[in-house]
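Labels run A, B and C following the written order; every chain starts at residue 1.
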Amino acid sequence: MSELAHEAPSPTAAEETPIPGARPAGAHDVTLEVAHLSVNYVGGAEPLHAVDDVSLTLRRGEMLGLAGESGSGKSTLAYAITRLLRPPGEVTGGEVRYYPRSGAPVDVLSMSAGELRRFRWSELSIVFQSAMNALNPVMAVRAQIDDVLRTHMPGLSRNDRAERVASLLGMVGIPADRSKAYPHELSGGMRQRVTIALALALEPEIIVMDEPTTALDVVIQRQILAEIGRLRDQLGFAVIFITHDLSLLIEMADTIAIMYAGRLAELAPAGELYRTPRHPYSRGLLDSFPALHGPQRHSEGIPGAPPDLRAVPPGCAFHPRCGWAFEVCHQLVPPLNSSPLDTDSRDHKVACHLYGDGAPNPATLANQPSDSDNAGHTDG
Amino acid sequence: MAAAGTLTAEAAQPAGPPARRRAGWVPALRAPKIAIGLGIVILFIAVAVFGPTIYRVNPSSTSTDLLQGPSAAHWLGTTQSGQDVLAQLIVGARISMFVGFVGGAIATVLSLFVGVLGGYLGGVADEILSVFTNIFLVIPALPLVIILAGYLPGKGALSVAIVISVTGWAWGARVQRAQTLSIRKRDYIEAARIAGEGTMRIIFSEILPNEIAIVASSFLFTVIFAILTEAGLAFLGLANLSSWSWGTMLYWAQSDSALQVGAWWWFVPPGMCIALVGAGLSMINFGIDEFVNPRLRSAGISTSRRPARPSRGQSGRRR
Amino acid sequence: MRYVTRRLGFYLLTAVVAITINFLVPHLMPGNPAQILIANFRGRVSPAAVKSISALFGISHAPLWSQYLTYWRQLLHGNLGISFSFYPATVASVIERSLPWTIWLVGTATVISFVVGTLMGIGVAWRRGSWLDATVPVTTFFSAVPYFWFGLVVVYVFGVVLHWFPLFGGYSSGTTIGWSWSFMASAFYYSILPATTIVVSSIAGWLLGMRNMMITTIGDDYIVLAEAEGLTERRIMLAYAARNAILPSIADFALSLGFVVSGAILTEIVFSYPGIGYVLYQAVDNEDYPLMQGVFLVITLAVLAANLVADLCYGALDPRTRQGG
């Protein structure tokens, strides 16, 4: 089992601990840092570990995709980061640090109510999944944007505000004469654009998008995504994009994080994840949609189903469905560590015992190309 | 009562067939509100049924102890003609509760008929039935009851119950129509219709079982309405004044100026009983409402709205 | 606009139905007590009056539909018949002099009850889990209390025992009716107890309705978004949550008004307050059928009118009604 030893440099102390301590203010390009965040849902006999020891970093202007099946904890994570978690959910551990462009880093989870109110929307905004319910049904859409401006920029005159509202709606492609419409008078796609315009109102550093296009048909989906891409190029905000549709992320995201049963399975730059997924779950996900080009092949799903969070399997939560599981997988939760393989970048992290010490045949597994290389499907 | 409005909002219902839902019933009965409410109501029913046989005093027999306060001989005092107030209260429970529950039952049957049928059939039939319902909803109940009762030849308990039910069915009908409309859209109803099941059969075996909570709730509301209306009618003198009910007690109290002479033991107990039964029924209703709409439950966990501060409990587990 | 016409049409239809019921009830009920009373009055009543009463009560031998038309004709001329117990006053005049009292009493009590109840409902729902939750069972109890019984208790406590307020009447017998200060003050003083009775008994309905709707609304997504936007708590509570939650309360105002009116009738009886409810009581007591029916009609039409106003307010407040009615 020591073959691994000369394949990769032994993990240094710095790499063992996934996220180091607070960085010096301002100098870095990191904008948000999540460190060992855990969220429980209380109320039943046992607390549910909806998010378990998740750590990730978001850089300025980066799009981080957060993928996973329903119940993987991705939405819960987003709500916890933005402090919108409602009981019975509660954060049981970890930190969320925000690095403004200038000034000291801010601990998001322990901000006072007043600080939180100022922080919200001006630094971090959200686009919700179903705009149908996300907009106040009795207020015209321009009034809702105006509300936000009035609260956060009290110095602005009425005319300035109206101008800004008009320009925001224009940015997302909503004609001026529709601005006084009520939400129920707009189509689904337009409503979603309104929520995006809302999210941009104060030009935040970070926008969290929770399945923003899932409820829309594919054509509109394309348009909205293109819009988001364009606005990102124009305004330079970072995005945490939550979805169950991995293919979207591969196209658009810079980095992708894959969650399973509340834990991070893999975290990698998008292209790398696509070409060389390391975690068996990621491979399974990528294998389950067909490639447009290349020879015909079997498309396989992943056998079994995601675990009920009330009864998460011991050790690695994925092991019952994993073709490569061995003894330690049943016993120890795998830590999220940098991938030991030379071909992977430093930012590529995976939580799998196959890449730790004591893995049975890591070399053979690591050298297998995944299907996205169109090199055929070979068994381990 | 504006509280009624919440029940017309769609209740949270599972998409599947009814069987799964019934299992969830039993824990609901243990909820404190329902338990207390049920206890109160059952107590009064017991008093109505068994009371007169236990407390064998004739409520109509006069005596020479006129207008006496509570004493050992007469626990709740006596009336202007020396009649025992407690006896009147116990015997009176019978008619008050009878009119209440029977009136409520008849009204509920009427409301089910109009509401469920209208909701299920849809189209023109539904339009007509719902306009009909709305008309009876909007016309104020008590004046209508007074007019109808005023012309009634005999003012027996059953006649009063029928008159009350004729005016009180509309609210339940509206609620049940709304509920039927929402259930009707569900897939298993469509499946049953396509399979060719008859209308009546679908209504009885698929729709009604899912509506039991709502129906129970509107039944209870209607019972409260019936008891209060009976009391109101009797107070006005429109009931059978020679039989005892809580309402007729109040009529006699008013006409014999119990108030002015300060005979509180005469008029306080009957109203108190009405209020308690009403409160008991309301609590059961409350409990049903919370059961049906989970958002209304005040769970043991704080539902405070302030942004959640993290609790620094155990930080992660390692096995 | 479609919404307005639909509502108007509905209320007109209901008014016709109510008037028809009013016409039919004496005809349909077995036995006709009116006949006996007419016989008693025959010597003292003008032939025209007899004719109109006959039309009202179906004593004539004309076919039903012709009696119905006569009835309508009379109504449209404002002729509600002649009162038996207040003879020779017409029903219309009796109602006319008692209606303002009821409007004052019910009007102010309902407005106070609605406003206070709704505000309390908002507060209780917003600060859920605090001591305010205790108001819920308390007000529920009060709402189950029969209005008139509660009135009796109130009169007893505050009138008989404490002598703070008068026991009955609409104004002190010393003053004359008119727009003088002393009369208005006296009238106001006399209305405090009955109004309080109505307010306390009906406030629970508003409170609970608003509270439940607020709690349901607070769980909605747009509230979460408003919170995420960093809006002030007050703004979210009022402009986002309450503004939406109040809609069913206004829609249900119609139903509530029916109950309030019923309760007000009984309250007036307890307090011998000279409003239309007390008149109804006297009419029932004296078997004055024309008056009974006249009061029923007036009350019903007033309630319908109030409902129409409430529906129009709802239409103004909920933009979703403007599309497609």
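Simple rule for what comes next: contacts are C-beta pairs under 8 Å (C-beta built on N, C-alpha and C of every residue); 3 or more make two chains touch, one makes a residue touch a chain.
Keep in mind that this is a model prediction, so the values were computed, not measured.
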Problem set entry | Chain whose averaged C-alpha position falls nearest the assembly-wide average | B
Problem set entry | Pair of chains joined by more contacts [C-beta pairs], B-C or A-C | B-C
Seminar exercise, completed: dist(centroid_CA(chain A), centroid_CA(chain B)) in Å evaluates to 52
Seminar exercise, completed: Chain centres from averaged Cα atoms put chain A and chain C apart, in whole Å, by 58
Seminar exercise, completed: Per the C-alpha means, the centres of chain B and chain C lie apart by a whole-Å value of 22
For this session: Enumerate the residues of chain A that touch no fewer than two other chains.
Result: 84, 86, 116
For this session: Could you check chain C for residues that touch two or more other chains and list them?
Result: 227
Problem set entry | Residue numbers of chain B (touch at least two other chains) | 302-304, 307
For this session: Enumerate the contact residues on chain C facing chain A in the complex.
Result: 220-222, 224-232, 235, 239-240, 243-244, 247, 317-320, 323
For this session: Flag every residue of chain B that touches chain C in the complex, lowest number first.
Result: 1-6, 8-9, 131, 134-135, 137-144, 146-148, 150-153, 171, 224, 228-229, 231-232, 235-238, 250, 253-254, 259-260, 262, 264, 267-268, 270-271, 274-279, 281-283, 286, 289, 293, 295-296, 298, 302-305, 307
For this session: Under the touch definition given earlier, write down the residues of chain A that touch chain C in their complex.
Result: 82, 84, 86, 116-122, 125-126, 128, 130, 133-139, 147-148, 151-152, 182, 184-185, 195, 198
For this session: Spell out the residues on chain C that touch chain B in their complex, using ranges where they run on.
Result: 10-11, 13-14, 17-18, 21-22, 25-26, 29-31, 33, 117, 126, 128-129, 133, 137, 140-141, 143-146, 148-150, 152-153, 155-156, 160-161, 167, 204-206, 208-210, 212-213, 215-216, 218-219, 227, 248-249, 251-259, 261-262, 265-266, 269-270, 280-281, 284-285, 289, 292-293, 295-296, 299-300, 303-304, 307
